[in-house]
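Next, two complexes with chain A in common: one pairs it with chain B, the other with chain C.
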Partner chain A sequence: MKYARTVAALLLSTLVLACVFRDQLTPVGYDHQDRNIPNAFRSRQHLLGTDALGRDRLARVLEGTRVSLVLAPSAAAISTVLAILIAGTAALAGGWVERLTASGIDLFLSLPWLFLLVTVRALLPLNVSPMTSAVITFSVLGCLGWAGAARLLSAQLSWLRSRDFILLARASGCGGFRLLRRHLLPNLMPLVYAQFWISIPTFILAEANLGILGLGVSEPLPSWGSLLRELDSFSVFGWNLWQLVPLALLIAVVSCFHLLISKGEIAA
Partner chain B sequence: MKTTASFLLLWISTLLTGASLSAQSANELRFSIHSFPKTFDPVLVDDDASETIRYLTGGVLIRINRESQRLEPELATGWKLSRDGRTITFTLRDGLRFSDGTGFGVADVAYTMNHLMDADLHSPTGDAFRVGEGKIAVKVLTANQVAITFPAAVVGLERLFDQVAIMSQSSPRKEMAVLGPYMVDEAKPGAVIVLKRNPNYWKVDSAGHHLPYISAIRLDVQPNRDLELIRFLRGEIHFINSLDAEYFEKVKAENPAAARNAGTSLDSEQMWFNQVPTAPLPAYKKIWFGSKSFRRAVSEAINRNDLARVVFRGHAQPAIGPFSPANQFWFNTALRPHPYDPTSARARLAAEGFYWRDGALYDSSGNRVEFSVVTNAGNRYREQMATLIQQDLSDVGIKLNVVTLDFPSLIERITRSFNYEACLLGLVNVDLDPNSEMNVWLSSAENHQWNPRQTSPATDWEADIDRLMRAQASSLDDRRRKQLFDQVQAIVWDQEPFLYLVNKDALAAIRPELHNVQPVVFRPQVYWNIEWLTLNAVVATRQ
Partner chain C sequence: MANARRWLTKTLLGMLLTTLIGGFAGAMLVRFAPGYGVDERELDVRLSTKTITAIRRENAQQHNLALFYMHYLAATMHGDLGYSMALGRPVRELLSERLPETLTTVGVGLGFAWSLGLGLATAVVLSRDSSIDALASILAGILLCLPTAILALWFFLAHASTRLALGVIVFPKIFRYSRNFLLEARSESYVIAARAKGLSEIHIFLGHILPACAARLVSLGAVSVSLALSAAIPVEVICGLPGIGQLAWQAAMARDLCLLVNLTMVITAITVVVNSAPELLKKGACA
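Entry: the complex of A and B
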């Protein structure tokens, strides 16, 4: 298991480095269209071939990876902070506020998130740059993805509240946000970290889902979702197996995250 | 336990496959439809699958020959249109019977027309006949002659009867009693429809053999185009209508003879700017979109040849106007596609006061020229076209943002809120006659996309189009109508309210064992001459 985690960390590090040094690894930009060579097989100039519009697939894969690896953790941070705020407020208030929050979380979890995302996305402004659209997409994911984490954190906070050391702190006059900051949060942090790390691959997959539906990041900026759309005609992709690289990368990265998280969870 | 279950599943699937294969007759045509028909009632048809059933089972008085695009007598041996264009008199073929044996006569034509025009049914087919106030009158003249009178003249009236499948007045089987080459034998909702030869079908070949040659048709409901292609390549279905370009290439690579290109289709892909005065857009953008020079400049900056070559893999042609050259009679042959000419585009923009700074285009008020184009998510070809256009426009300094929306949101924006700047969509042309496009070209029309539902024409050229469209719709002289519609096409070409991009080719995949196939661009492309199709090479030689 330790060996597997080392490999996962190495793979992720390599990917991060490749994304950072993308300009040195690929001869052209991710949006450069060479319309004379659409759907080209791999060559010296284009190590993974080109896509349907003659764009270098390696450049697009690396840029898409960069987008996902930067923005997915940001979305995870948003959802985790929201979860802490909502669960913490409910736990501090207790009583009907806590019960109402729990019901609200259940209601939020029962919503079909994909339709919710599609609806929210349709309401957003149209005239935004591709990078802004990517930021908006992941922000929406982050803002809508807090409920699962909030439920876990609520349960943990309820359990913590009944512990002796909390009763002792209360008896000593510690209450409100001081209680949350000094006693509850430190004991909550392992779970918060785990939720944060778990959310990253979830948001990567969520964006990929939106991208596959054509509702993710705007062209010409690539994302794993838009890259995976090349596979939607599975009967014809057999011509060029390099189209499978984004899928392989997605599976590899999600698996790496899960391997690293499993360590964190065990430690927690 | 797992192994036993797997063997059991394999055994059951083998049994089922075997049963299915053995049930398939050697003289059974098989192809896929993408959804189960909503109705078998021919007057209520409004989806592709129902239209397929109507075409294969319905008998009509007049049929448009999909190859020659001319009218041919079917159940009527002849027809006569009155000088005022309000009355059409049919002379019916004698001795015909419906599939259930009931006789065919003038009463059935009268029943069908009254059923079609029943206001409570809201028949989409009947809508085309609704002109003026009042009801239609059906008068039986003789045992085989019937006259139908409309409240006002209906332009292109004869062509509309191609869609009217005659129903039996007296048959207890109602819409299931048909006069077409096939009748519904079995229908499993969501799965399959089996049609069998109509034993009372009236057509015979030159040797006196009863048509159709193929004894049964199996229509499998298959929404997934990939699975449809795989089934075709395995030989499980005989043809695929309206094939996508990449699938066509796949078929061509595996079996060149099976890939059939009927030529440029009637369908077009186009882009337009939002010119609705009340749209929630900045005033300076409304000025751009309302400017003919701006529209023409954008049009000239788009490389249509690249759209056709890269996106459609060469299976499309640069579009010219509302009708493609495939519409042999109505297409204005004097028009040519707008050339790809970025230099001319820059000159037009400069003449309008636009200027460039660091490669970016600005208008005379200093606003950066940037706009968004919306298209429906999930349509790979439109998304790719938008991305190519994005690159083309960036070469003349225009920043284009491509936005894909789910279809309901897109429709909401382009028809109700008008909260969009430009839109890229396609138009499926199912009718050859320009009258079918009145709801697009009249400035008061709902589908006058760039500025719908105008109380009075916003521009002089829209007023001209209104006048010309109304004039052609009120004339019964086809040559005069053609002259008038040529002028409409010329105005549209010049003003470019729609930037026509490409006309896709009509692509099909057809198994070599299917004979007498002559795919055409007009729907239903492959099986328009269904009576003559055969799976028997010997039969194919006689006609």
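Entry: the complex of A and C
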């Protein structure tokens, strides 16, 4: 298992490096169209072939990976911070605020995740610039993905509050945000890190689902969702297996995150 | 008995309140979405000023959110769920037409997922063969890494039963959780004692392991319904199944306030009832 985790970490690092040095790896931009060679097979100029509009698939895959690997952790950070704020405020206030927060979390969790996501994303502007659409999509993921983490953190906080060292801190006059910052948060951090890492593959998959449904990042900026949408024209008779590269990469990245998370969960 | 009745009333009221708040939240989302209130019909040059004024008056009734929701709830009491502007049909008609399709899809999908998931988990526990466990875990792991929509697309392109796609989507979670529950119960000391006394593996499984996990499996059953409902959206949209999932997608894309409020309430109600069912069953058994 340790060997698998090392391989996962190495693969993710390689991908990050490939995304950083994308301009050096691919001679053309992700949005450059060559109408003379649509759906081309792999060649020396286009290592993964081209898509239906004659765009270099390798450049698009690397750019899509960059978008997902930058924005998914950002969305995970938003949802984790929201979860800490909500659970922390509820735990500090106690009483009816805590009960109300718990009901709010229950309400949030009672709606199926994808239904909530599709509804909210469809209600936000769709005809915006590609980068804005990417930011909106991942912000929606971040803003809607806090409930599960908040429930876990609330449970952990209420357990921590009844511990002797917290009672002692309270008796010594430590209260409010000082108690949260100095005593509760340090004990909460392993769970917070685990929640952060768990959210990343979840958000990558959610963006892919939204993209396939036409609610993700808009063209020409690629994301794994829009790259996978290309598969609706996939035919086994055409045998252009390079179309499957984004999917293989997505599976590899999500598997790597799952492998690394399993270590984080054990540590938490 | 009085306590149980009080608890039941409280739970039912909680469920009703959650559903109502869910509907209101859905209405609020649509109402404050950018571009709300713009009606494409107003751009139609064939319509007279009088008609456009009538359309504006009709839309103005929906602008006050609280008023809209109060009117909506009052009409719901009389069985009127409103009218879908986007699809041009009464919402009640749409729901009664599409709900059975989704329930069938979810039912067939869950049946398949549970047969496969629990079946494989049982095989892992009974066989004590690490290769079966490894193979099943790898299969579940790969499926967990695939977006729901891609699985639906593959089933559609392969002309396979699209309802089974939903089962394949839910299967890995059922397998992983039930495998963990069963393996945990298998390592309990009373199970080891039963094995030491010479009981067969089947007897141990049916008499000791399965009853120990029953409550957690029922809870997993409730969660799996919510997972299946969530997965029904991409499955129905991609495979063209005329169900609630497809309707939700159409309503969201067309910003159909009335339809979206109803759908939010229906989906919230189903999820809340299903999630509360294990607790209700447990209390019922105790009473």
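Just so it is clear, the second predicted complex is superposed on the first by the 258 of 268 C-alpha atoms of A that agree within 3 Å, B and C clash if a C-alpha of one lies under 4 Å from a C-alpha of the other, contacts with A are read in each partner's own complex, and residues count from 1 in each chain.
Note that contacts are C-beta pairs under 8 Å (C-beta built on N, C-alpha and C of every residue); 3 or more make two chains touch, one makes a residue touch a chain.
What you see is a predicted model; the values in this text were computed from it and never measured.
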**Message:** Looking at A:D232, would you say it contacts chain B, chain C, both, or neither? Reply first, second, both or neither.
**Reply:** both
**Message:** Going by the contact rule set out at the top, does A:V118 touch chain B (first), chain C (second), both, or neither?
**Reply:** both
**Prompt:** Counting only touches as set out at the top, which of chain B and chain C does A:L25 meet: first, second, both, neither?
**Reply:** neither
**Request:** Applying the touch criterion given at the start, work out whether A:A208 contacts chain B, chain C, both or neither, answering first, second, both or neither.
**Result:** second
**Request:** Return first, second, both or neither, reflecting whether A:V16 touches chain B, chain C, both chains, or no partner chain.
**Result:** neither
**Asked** After lining up the shared chain so the two structures overlap, which partner does A:L53 touch, if you call chain B first and chain C second: first, second, both or neither?
**Response** first
**Message:** In the overlaid three-chain picture, which partner chain does A:P130 touch, first (chain B) or second (chain C), both, or neither?
**Reply:** first
**Request:** Return first, second, both or neither, reflecting whether A:D106 touches chain B, chain C, both chains, or no partner chain.
**Result:** second
**Request:** Look at A:P38 in the shared chain and tell me whether it touches chain B only, chain C only, both, or neither; answer first, second, both or neither.
**Result:** first
**Asked** Just which bits of chain A does chain B share with chain C as contact spots?
**Response** 118, 122, 213, 232, 234
**Request:** Would you pull the chain A residues touching chain C in the complex into a rising list?
**Result:** 103, 106-107, 110-115, 118-125, 201, 205, 208-209, 212-213, 225, 228, 231-232, 234, 247, 250-251, 254-255, 258
**Item:** chain A residues touching chain B - in the complex, by the definition given at the top
**Value:** 31, 33, 35, 38, 52-54, 118, 122, 126-130, 133, 213-215, 218-220, 229, 232-236, 239
**Prompt:** Tell me, which parts of chain B touch chain A in their complex?
**Reply:** 225-227, 229-230, 244, 246-247, 249-250, 306, 309-311, 370-372, 374, 377-380, 383-384, 386-388, 390-391, 401-406, 409, 419-421
**Message:** Going by the contact rule set out above, which residues of chain C touch chain A in the complex?
**Reply:** 18, 21-22, 25-26, 29-30, 33-35, 141-142, 144-150, 153, 157, 226-227, 229-231, 233-234, 237-238, 245, 248-249, 252-253, 255, 260, 264, 267-268, 271-272, 275
